[in-house]
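These notes are about the structure you will find just below.
Every chain is named by a letter (A, B, C and D) in the order it is written, and numbering of its residues begins at 1.
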Amino acid sequence: MRTAYREGFPIDAAAVEAALRDDAAHRIGAVFVVQTDTASGTTCDLAAIRAAIDAARHPALFVVDVVASLAAAPFAMDALGVDVAIGASQKGLMVHPGLAFVAANERALAFARANLTPRFYWDWERRRSDLSYRKFCGTPPLAHLAGLEAALGLIAAEGLAEVQARHARLARAVHAAATCWSATGALRLFTQVPEARSVSVTAIEVSPGIDPEALRSVARECFQVAIAGGLGPLHGRVFRIGHLGDMNEAMILGCLAGVEAAMQAQGIAFGRHGVDAAVRALVDGAG
Amino acid sequence: MRTAYREGFPIDAAAVEAALRDDAAHRIGAVFVVQTDTASGTTCDLAAIRAAIDAARHPALFVVDVVASLAAAPFAMDALGVDVAIGASQKGLMVHPGLAFVAANERALAFARANLTPRFYWDWERRRSDLSYRKFCGTPPLAHLAGLEAALGLIAAEGLAEVQARHARLARAVHAAATCWSATGALRLFTQVPEARSVSVTAIEVSPGIDPEALRSVARECFQVAIAGGLGPLHGRVFRIGHLGDMNEAMILGCLAGVEAAMQAQGIAFGRHGVDAAVRALVDGAG
Amino acid sequence: MRTAYREGFPIDAAAVEAALRDDAAHRIGAVFVVQTDTASGTTCDLAAIRAAIDAARHPALFVVDVVASLAAAPFAMDALGVDVAIGASQKGLMVHPGLAFVAANERALAFARANLTPRFYWDWERRRSDLSYRKFCGTPPLAHLAGLEAALGLIAAEGLAEVQARHARLARAVHAAATCWSATGALRLFTQVPEARSVSVTAIEVSPGIDPEALRSVARECFQVAIAGGLGPLHGRVFRIGHLGDMNEAMILGCLAGVEAAMQAQGIAFGRHGVDAAVRALVDGAG
Amino acid sequence: MRTAYREGFPIDAAAVEAALRDDAAHRIGAVFVVQTDTASGTTCDLAAIRAAIDAARHPALFVVDVVASLAAAPFAMDALGVDVAIGASQKGLMVHPGLAFVAANERALAFARANLTPRFYWDWERRRSDLSYRKFCGTPPLAHLAGLEAALGLIAAEGLAEVQARHARLARAVHAAATCWSATGALRLFTQVPEARSVSVTAIEVSPGIDPEALRSVARECFQVAIAGGLGPLHGRVFRIGHLGDMNEAMILGCLAGVEAAMQAQGIAFGRHGVDAAVRALVDGAG
């Protein structure tokens, strides 16, 4: 069977379609995809996946994890034909971690109603009832709700389209810097397809001999820049720059310059003038 | 009479000495100097001024304004023979504005006692009494005192010597960037004597035809970097970069890159790679 | 079969024992009790329940909900022979709601290991692993952890025994006031056994004709006192006074006086001088 | 000469008028009064003082200290013919201490302009200029201004008339309790004229043998109620209950009950049921 996922590339819609066509018995209940994979910084072409499901004439639910993209990247749930979306508070919404969101359309709700597995806390029907919070949910997480109200106020004040344009602009600056850094071959953008690079997080792969964990320590301790390490199989192979949420031009430029300083302090032979390229990208974006 | 102050240069100690020697009648009561002049970013050689007063055998008090340098730059009041020092909360001490400090030695206190001008709020003797706050000062500014306690805790945790080393390191990065920018002649460091450049603030003079106020607007609105304008006679001639207090490597690099972006957006022909020079200065400083 | 619960009384240990003796096949897996029932303000005699399980020689786990009593009332899990305890952040621990705690002893862990039902998030073994938070739990709820650290610091500074003594003292004041109010028969303490009255919350039952919801509105709107209503079957029959967590003498006296004001404004014929009785209880308790 | 001030009574307008009539040479520049004297809790009849100045046909400025009454009590500066009013941030305005206000009418400004005494910081003309904060005042006290904005927002949301009605209502409750306590003669309201009792603070005089400082310690340590001591000549003779600013029914009832508890713990033979009287006053006031 054709593999839908290859490192550095978005999910292969053709492989998804093939797998669904193979499932004549409709044993596959749902297609789960991540809009932005936080480990790789690779995004998924949701419209292509929807088209694949439709082309296969398969009834599977289309479930999308928008944890790392919610508010940062456009996501038109209904227009995209997404049945269930799952998000969280601590990324683009800028709230402290601890709150998750589920949006489900009528098709998904019908699917849930037909599911007879016992459940209480996770029961959508119970949750949607008017008296849910009094009869079932117990004490609501008030600090999260207050934080969410404040964060949505910030987003409304800036404008959702402007928030997403800012994320795109800052991501272009990061990608421009990383492209410069890649000139010598010592490191490269993990996601090979430019249009699949996330507006939220960028993973940069290092060549053997470069220790991304040591780089992270120097960046944090000497230059006050916190960058993330690789998760799971990518541990030791990549470092990641997050650029979502409460983030602006000066912050991302400081981050990129700090990463350059850390790479220089570590003796990594990276391609120079990445910050210049980022500055240029921002100047063009502001024009 | 020889002028003690010339733009871009520290106070001329020889001119101070000459003026004091001319004052045979000792009508000059005090020599007032600013350790760091916040408008020009120029510092004063306090030891040289003290030596000038001593050489002139003049009894004038030596009064130093340390508002913009307190905590950021070394200041050994007694060793420097300073009689009165005046500081404030809102710069190197990182507290909100509204609190000022006066330190006076025995000589200054004797001088104040001999002063018969009526005063109440500003009366040092009254203030120094045990019951000052109950009998005289009224309600203390509690939020400032709490802020000061927190700020002094931060400084103690980092170590005063480390705080001052950090200020020196960040200032070197700013001066390195500004020196690069100056290569084309479009702008220059206002303080011409390198050792007189402040660790707190750097003033950068622009050539005619460049509007520093327009540059500030672009920096703030497009790149989220707040830089200061020129004060009084320097208005329209300089812009200033503050680098004191709660400031670190990533923040100052973001600021410098943002200023580069703003200069580029404004079409200013500045010398390139200033951020690179700042990165190099920080890498060397961290070594 | 004998009922273990009767309104206004603690759980009947003899009824629990009888039910366990009847269960020769050991189909009962666990005895669940609430240390303090937040709806009724009635506490459970945990030692008596433990003794009942032992007397019946039944292997059921002893599971205790300490949500409304944790930190407020003594709870010696091991000495009481409790196998699992479940607590939460938002009551005696004074943290915002959203965090729950489970403590399980070796017996309970062995029971869980033998349970083959699939689970991920709720899997104790997975949770207890060293890498739990990195490999499994996702992003930790940082604001809750910071709040918990602060709250435990407050409790440690006051002393856990002192915290519990304070809860007992304030509860005595509330019970003294409510006993006074009961003199006319218009209302009464819901928990009839004095030693079963909770140190966390007190439910007060009103006679027919008195609307506790109207009383709550007047208390809140005219006298700035928030009292709780009845939950589930007790709705419209009781109002409740919470007296746990960040609570002191002045606060509880203000609450009791505000409730008296609201009862007076509503024309309820309550027994007078309840606040006086509470004051007396506090003066005696402070002696 | 007749004394304008007698303990427990408001300023005697007739004495003021007599003193001004005696001043044929107009050497008296200003009549200074305090609207609410924070030490005694006695208020001044500002209209009577204005009438006294007018009756004496004296040109003295009428200067009123509204520190302890601003926002809490009505003050119509122009209608009352007040020339200068002096307020502060930390009382009725609920902002942290450190900010003071001066309001001056045209007459007072002309008086100030005619004053040739050198001054800089306190110079009203300089302060009123458009560029005052840039050219003269230095860095503004930003945290105070932000606090003031928030506090004025609270006052506007509640309504100034409602804020003042609340102060009057809470003061009546305190006066009712203190009147009850006075029944045995052990203590009494310091201000003997009921209409001169302040809505902001109430001073209660104790009989010889009662130590108000010991009472304050017990109130604070055992019952979590902070009451103030006597200032200056009233030290050891009175204790004071503040009831202004961010204060509500439940808070003031808790305070009064806590004072009763402390008096009981100290064995003071006060008249009982003061809290009942306060509750009654609040119920009547809410009706």
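Everything below uses one rule, namely that a residue touches a chain if its C-beta (ideal position, glycine included) is under 8 Å from a C-beta of that chain, and two chains touch if they have at least 3 such contacts.
Keep in mind it's a predicted model, so treat the numbers as computed, not measured.
K.L.:
Could you name all chains that are in contact with chain B and with chain C at the same time?
P.N.:
A, D
K.L.:
From the centre of chain C, which chain's CA centre is farthest?
P.N.:
The most distant chain relative to chain C turns out to be B.
K.L.:
Report the inter-chain centroid distance for chain B and chain D in whole angstrom, where each centroid is the mean of the CA atoms.
P.N.:
That pair's centroid distance is 42 Å.
K.L.:
When the centre of a chain is set as the mean of its C-alpha atoms, what distance in Å lies between chain A and chain D?
P.N.:
From the centre of chain A to the centre of chain D is 59 Å.
K.L.:
Between chain C and chain D, tell me the centre distance in angstrom, where each centre is the average of that chain's C-alpha atoms.
P.N.:
45
K.L.:
Which residue numbers or ranges of chain C touch two or more of the other chains?
P.N.:
If we look for residues of chain C contacting two or more partner chains, we find none.
K.L.:
Go through the chains and record each pair that touches.
P.N.:
A-B, A-C, B-D, C-D
K.L.:
What part of chain D is in contact with chain C in the complex they form?
P.N.:
By the definition above, chain D touches chain C via 222-225, 248-258, 260-261, 264-265, 272-273, 275-276, 278-280, 282-283, 286-287.
K.L.:
What part of chain B is in contact with chain D in the complex they form?
P.N.:
Per the touch definition, chain B meets chain D at residues 88, 90, 96-98, 139-144, 147.
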